[in-house]
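There are two complexes below, and they share subunit A, which is joined by subunit B in the first and by subunit C in the second.
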Partner chain A sequence: MALLKREEWQDFVRDVDWTLTYVDDEAVYPEWFSGTGKVPREAWLAWEEDYKVSYQEYVYTQKEKEASTYAVKAALSRSDTFDHLDEGWKSATKMHFGGVAQVEYTATLAELKMARFGLNGAWRNMATFGQLDELRHNALTTYFGHELVVKDPQYDWTQKTYTTNDWVPISLRTLFDGIMTTSNVVDCALQVPLAFETGFTNLQFVALSADALQSGDINFANMISSIQTDEARHSQQGVATLQILAEHDPTRAQWVIDKAFWGSARAFSALTGPAMDYYTPLEHRKQSYREFMEEWIVDQFVRTIEDYGLKKPWFWDEFMRGLDTWHHSLHMGLWFWRPTIWWRPKAGVSKDERDWLREKYPNWEQTYGDKWDVIIDNVNANNVEATLPATLPYLCSLCHLPCCNPTQSRDGSWRVRNKPLSYDGKTYHFCSNGCRQIWWKDRDNVNHETLVDRFLAGQIQPMDVGGLLNYMSMTPDVMGDDADYEAWTKDYVGRPATGLAVPAGAQA
Partner chain B sequence: MSAEVMDAPPQLVPLNAIFSTDFVEILVPVTTANTMDEVAAAVADHVEGKRVRAQPFRKVVVHRGRKLPGEMTVAEAGFAPLDHVAVEYDLEVPA
Partner chain C sequence: MSTPARKPRKQRTFSAFGDVRKMPSEYEIVTHAQNWNTRDGRMSTFEQNPSSPINLWFLTYRENSPLQVDDWDGWHDPDKVAYRSYVNMQAEEQTKLDGLLDSYNEAGADAEFPAEQVARLGALFTPSRYLVHGFQQVQAYIGYLGHSSYITSAAGYANADLLRRVTIVGYRTRELQMAHPDSGIGTEERKRWESDAAWQPAREAVERMLVAYDFGEAFTALNLVLAPTLDDVLLRQLGQVSKAAGDELEWHLGNVLGKDAKRRDRWCGGLARFCVQQRAENEKPLHKWIDRWSPLADAAAEGLAPLLGKPAGEVVAEARAAREKLHAGIFSTADAAAAAG
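Right, the complex of A and B next:
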């Protein structure tokens, strides 16, 4: 018997659906999970994606990817490549492993939700492959990171990070519980495959891969490139869903995409920005974080949403201005609060590195140079203690990152301006207008308390630095410290310095 | 200020604070009995000479756009928990 041609069987195999007789549609696809909203149920029959992968093809392709990724890993495990990697680059990988490995598992749950409650057979089919993808990413990332634990205990946070109460994973859980865990599948498809994967994972998996290769970390580049090939496929659920929602309920489509884009932009400014502009050795940097964002995110995102009749988000100007500040401020925050993180942040402000920062970010020196200079002078005065924290940064009630975004005054100076909101008898503080606006509109969905909230509520005992570190599961063997103080302070040794903190025990 | 407020034992008042040109808002706990000079010192302790170079001027607490006198207490100023304060150098008054 002659085999049927692909186009003769594809649609009816992939689009197989139930004809419900014993229960109604709402019982199988409840609104709170499936979220059709104003979209007529029959409109979802038009849901379509271009990959049209069969299970057999999926398995063959994935088998090849796995074999090649693990073959490279096996070959490199016999070399001493890792031992010669720059400590700053290793920090970029520790951030990635800890920040990503278990998020991939949360993404598995999101894909499973779409595989069950998606409103079209083709969608559910695509999401079934998507959940297998995410499970692979979770396993791959966990395994690659875990193998390095013998060389450095900080890699243990690959597996550990996401379930701790460290302030960084609390921030990540707030974002991903919002877009992956608690969303209905229509919102999930717009927030995860579209805003997060089509947009931002490109930044982490393609752009960071380029930096990895430049830094000589072939193993890491190999791992994340393999993952990205899956993202390109299953992220198609985003535009397929957008096409239908934008036609029937463009206001909802705009809002859902806008807030996921904003949340992702905040998270990546912490996760990717410092890795690109400070941790990657200067000679290995391909582009600045801002340049990567403009090339990989900004142009593509705007093109995509405009293709479907949507507009740039209301926060666009604030977001674009933030490309010059958000990640620089977060880098300084991560560095100053380094005992609370599981990598060794490299300050990255030697004279050559500052030249590069000034070239890429013309306002960098005016905004950050004065503060780094005081820190440098304290290190050179043998007063490292003055560069360590004794209180918490105030954390934004939406993104849970420190409130540290400066804006320029009319006189040219850069200042952090307070953005409060009083609601239900309590004062909340936000890092940005975007976070405040999204929190206000979405306030019934926000369910994580910031570390500051927990501290003030007495959930962290004793209420001191030791109690905080213990609450965050931070132990002395993994606690972050600068990778190499001398590397970025030696250029400034011997210069006159005034107005420094008086070392503890010394007379003022 | 009422007699009740004056007689009450000091209460903890956590503040959202920023010092001068620093890059981040921080959590600083004070009490209702602290004066503005003490609040300014508590905020400065985390930042001055550590991220912002110390200057030889008096430090002043700014709350809701008002510069508050150094001897005024937190209770008198009416600070609520989680209020925001800025601590600025008063460039016209030497320390």
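Right, the complex of A and C next:
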């Protein structure tokens, strides 16, 4: 073939910047969106992606990927694999479909923003591939989830989740509107392609795919692993941007990455953590959430940022301690407020599962065991009623997740601590020092009402659980309940029960 | 509260589609109501301080744009382009295109071009990558700001089509440079774009469009005015002139890229018509923007005429006719509907 090689001509495609003269450069690339900050405008001329891609390569490769992903789907849709999946695993997938599908669409918006406001033509072109990739991820996730609606109405939340004011999507919209849609492109490239895509998505897409295969959900594994193969291309925007920012304004680079890291760590502890350590059947767990975090985040990601002269984030110790608590607490919170979620959370605390939890998390029993025991005894006394919520927890004003992180006191006991902050005549509540600190620095941007603020302000009527569920657009056919109470309580039948009739809400 | 009861119900598709008898298409399933910042009943566009800078930006340029429709989800892309169909379509197109490029290259066609055609390509065709990249940026902005995911996705694919066009121009730039190393092709484009008198009206229009931040205005300026006008000059007219000058390849490329342009005309014309049909008051701002941007587009076409080697009057008249044909489909149906109603 007498076709030219990409290397021979691609510079013409990458080199599309010019000097604006009819309008001001700052009007075309306003600081709010382009965010050059202390970096001299010319410095962006050096922006360069590591591995290049052309339009023709893109459509050829992607066509193949689509063909194989849909071929696997078509083959499997004729089998009854799905019907034999464990309820807990199905819950992990429902959470994924509902939690992730429209985050992919929001990533499309992030890429489109960079395709418009990126400070170098090559960057804007890469973002054009990026927005296509994210359209793909949104379409695949939505389409695969859609196919399951007929099997179970909870999969309806694949599309519905983010149209609601359920507390989970409020929390996730806060995070992703912050890092994806409303950040300037420089911050966005560090927060999304770098911190989020080269770091955290591995957790959900690589690690969860391993659990999916173990659980026999080949279709799901096929979908998410194919999605992950696109990340390497558009996530390059992260390092290419970091190289320039780290040179001219390392303090900003550090702060921006730290913030995205923290927000992602909070969100993943709510979603991936319970899926891995509780919903995935014991015999199918590859590693614990903590182990996955250590491998994919603590080791790999930290190595990446250290290569650019950045340090571990300032909240490192609090984050590392949180690996033993955040997701366990949030799991309990999700389980307890189960009528507010679109999956069937599995408590996952049978004796065998508890042995595993104790082995992976030496403090688990001391921190969580007694609380689950109270729940178990109530369930075994046919008092499930007492394990259902009647009130709301404090929600963190930054991550919008329940304030439920315990820390150990000097006397050895574990207590949930709320970190308050008074500002402008109002008391704000936070789940952690990290959240409080970030909120304080970004308060002009992030200050908005939590679900509890809305409730207390009378925006949610009637002011009871029914009113709340209605505000969250939760319908009875979808409302979550435990997948199988007996599975994890039967080990304890007949033991002396000590904590019956627990006051509702005490698990916070 | 009591343990949630589960009542069985056969649901076959997303509840967002309501009680539908017919299964929505794959396009609708993956495109319908995917952008949460356009959901009903939101307190602010983004889940953050309602007066954060970007909330205010969207409030000003999208929520308060003069172009308004009650139900933006009512508009769908007539070509129903979704990711899978997009990459399939463009991969197939690319195979054909590669075949074209390959065979003309084998035949050594570029070396045979008359000097006048080489000069025309170097003056008009190869510098156009800057113009098209500017279009690409504006299309990305329209997608970013889209009132519905149907609009954002369509703009996303259109944004990619423009990168496709820059890619083809870039590829040809190199081929022509190799065949005519002394022509200035491959080295002079930026200078021509920035300083040739012929390009300045076009460059002015693109730069001004990059600061037209209102959603409706950006959409109108690019997709209803500048792109349809200048595509006629740079794809259709240039193709014809090239063919007459013995360069069939550029004529083919104009046709290949013209398909993307026509697809864009279909969805953009359709969207504008939808706006007018849904709310007659939309006609006023659309006309205002069309009237504001048309002179810039005409000036750009007129400026490029000498490079094309055709009388300016002819170039502008043909380009304007292409644009007006698109507009006729937008407003005439609405007039007819209004007359009928």
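In this section, the second predicted complex is superposed on the first by the 491 of 508 C-alpha atoms of A that agree within 3 Å, B and C clash if a C-alpha of one lies under 4 Å from a C-alpha of the other, contacts with A are read in each partner's own complex, and residues count from 1 in each chain.
Basically, a residue touches a chain if its C-beta (ideal position, glycine included) is under 8 Å from a C-beta of that chain, and two chains touch if they have at least 3 such contacts.
Remember, it's a predicted structure, so these values are computed and weren't measured experimentally.
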Clash or fit (per the criteria above) of subunit B with subunit C on subunit A: fit
Which partner, subunit B or subunit C, touches more subunit A residues: C
Partner chain(s) touched by A:N470 [first = subunit B, second = subunit C, both, neither]: neither
Touching partner for A:T391 - first (subunit B), second (subunit C), both, neither: first
Touching partner for A:N363 - first (subunit B), second (subunit C), both, neither: neither
Which of subunit B and subunit C A:T81 touches, first, second, both or neither: neither
Touching partner for A:Q56 - first (subunit B), second (subunit C), both, neither: second
Contacts of A:Q243 with subunit B and subunit C, given as first, second, both or neither: neither
Which of subunit B and subunit C A:S225 touches, first, second, both or neither: neither
Touching partner for A:A115 - first (subunit B), second (subunit C), both, neither: second
Superposition-derived angle with apex at the Cα centre of subunit A and sides reaching subunit B and subunit C, degrees in steps of 10: 130
Overlay on shared chain A, then closest C-alpha pair between subunit B and subunit C (Å): 13
Overlap of subunit C and subunit B interfaces on subunit A (superposed complexes): 389-390
Contacting residues of subunit B [partner subunit A, same complex]: 14, 16-18, 21-28, 45-46, 48-55, 80-84, 86
Subunit C to subunit A touching residues, read off their complex: 1-7, 9-16, 26, 29-37, 39-41, 43-44, 46-50, 52-55, 57, 82-84, 86-88, 90-91, 94, 97-98, 101-102, 105-106, 129-130, 133, 136-138, 140-141, 143-144, 149, 152-153, 155-157, 159-160, 163-164, 166-167, 169-171, 173-175, 186, 189-190, 193-194, 203-204, 207-208, 210-211
Complex contacts: residues of subunit A adjacent to subunit B: 329, 332-333, 336, 368, 370-371, 373-375, 378, 386-387, 389-394, 402-404, 406, 413-416, 418, 420, 426-429, 452, 455-456, 498-502
Interface residues, subunit A side, partner subunit C - complex: 1-4, 8-13, 15-16, 18-23, 27-28, 32, 54-56, 58-60, 62-63, 66, 70, 101-102, 105-106, 108-109, 112-113, 115-116, 121, 124-125, 127-129, 131-132, 135-136, 138-140, 142-143, 146, 149-150, 153, 156, 158-160, 162-163, 165, 169-170, 173-174, 177-178, 181-182, 339, 384-385, 388-390, 444-449, 465-466, 476-477, 479-481
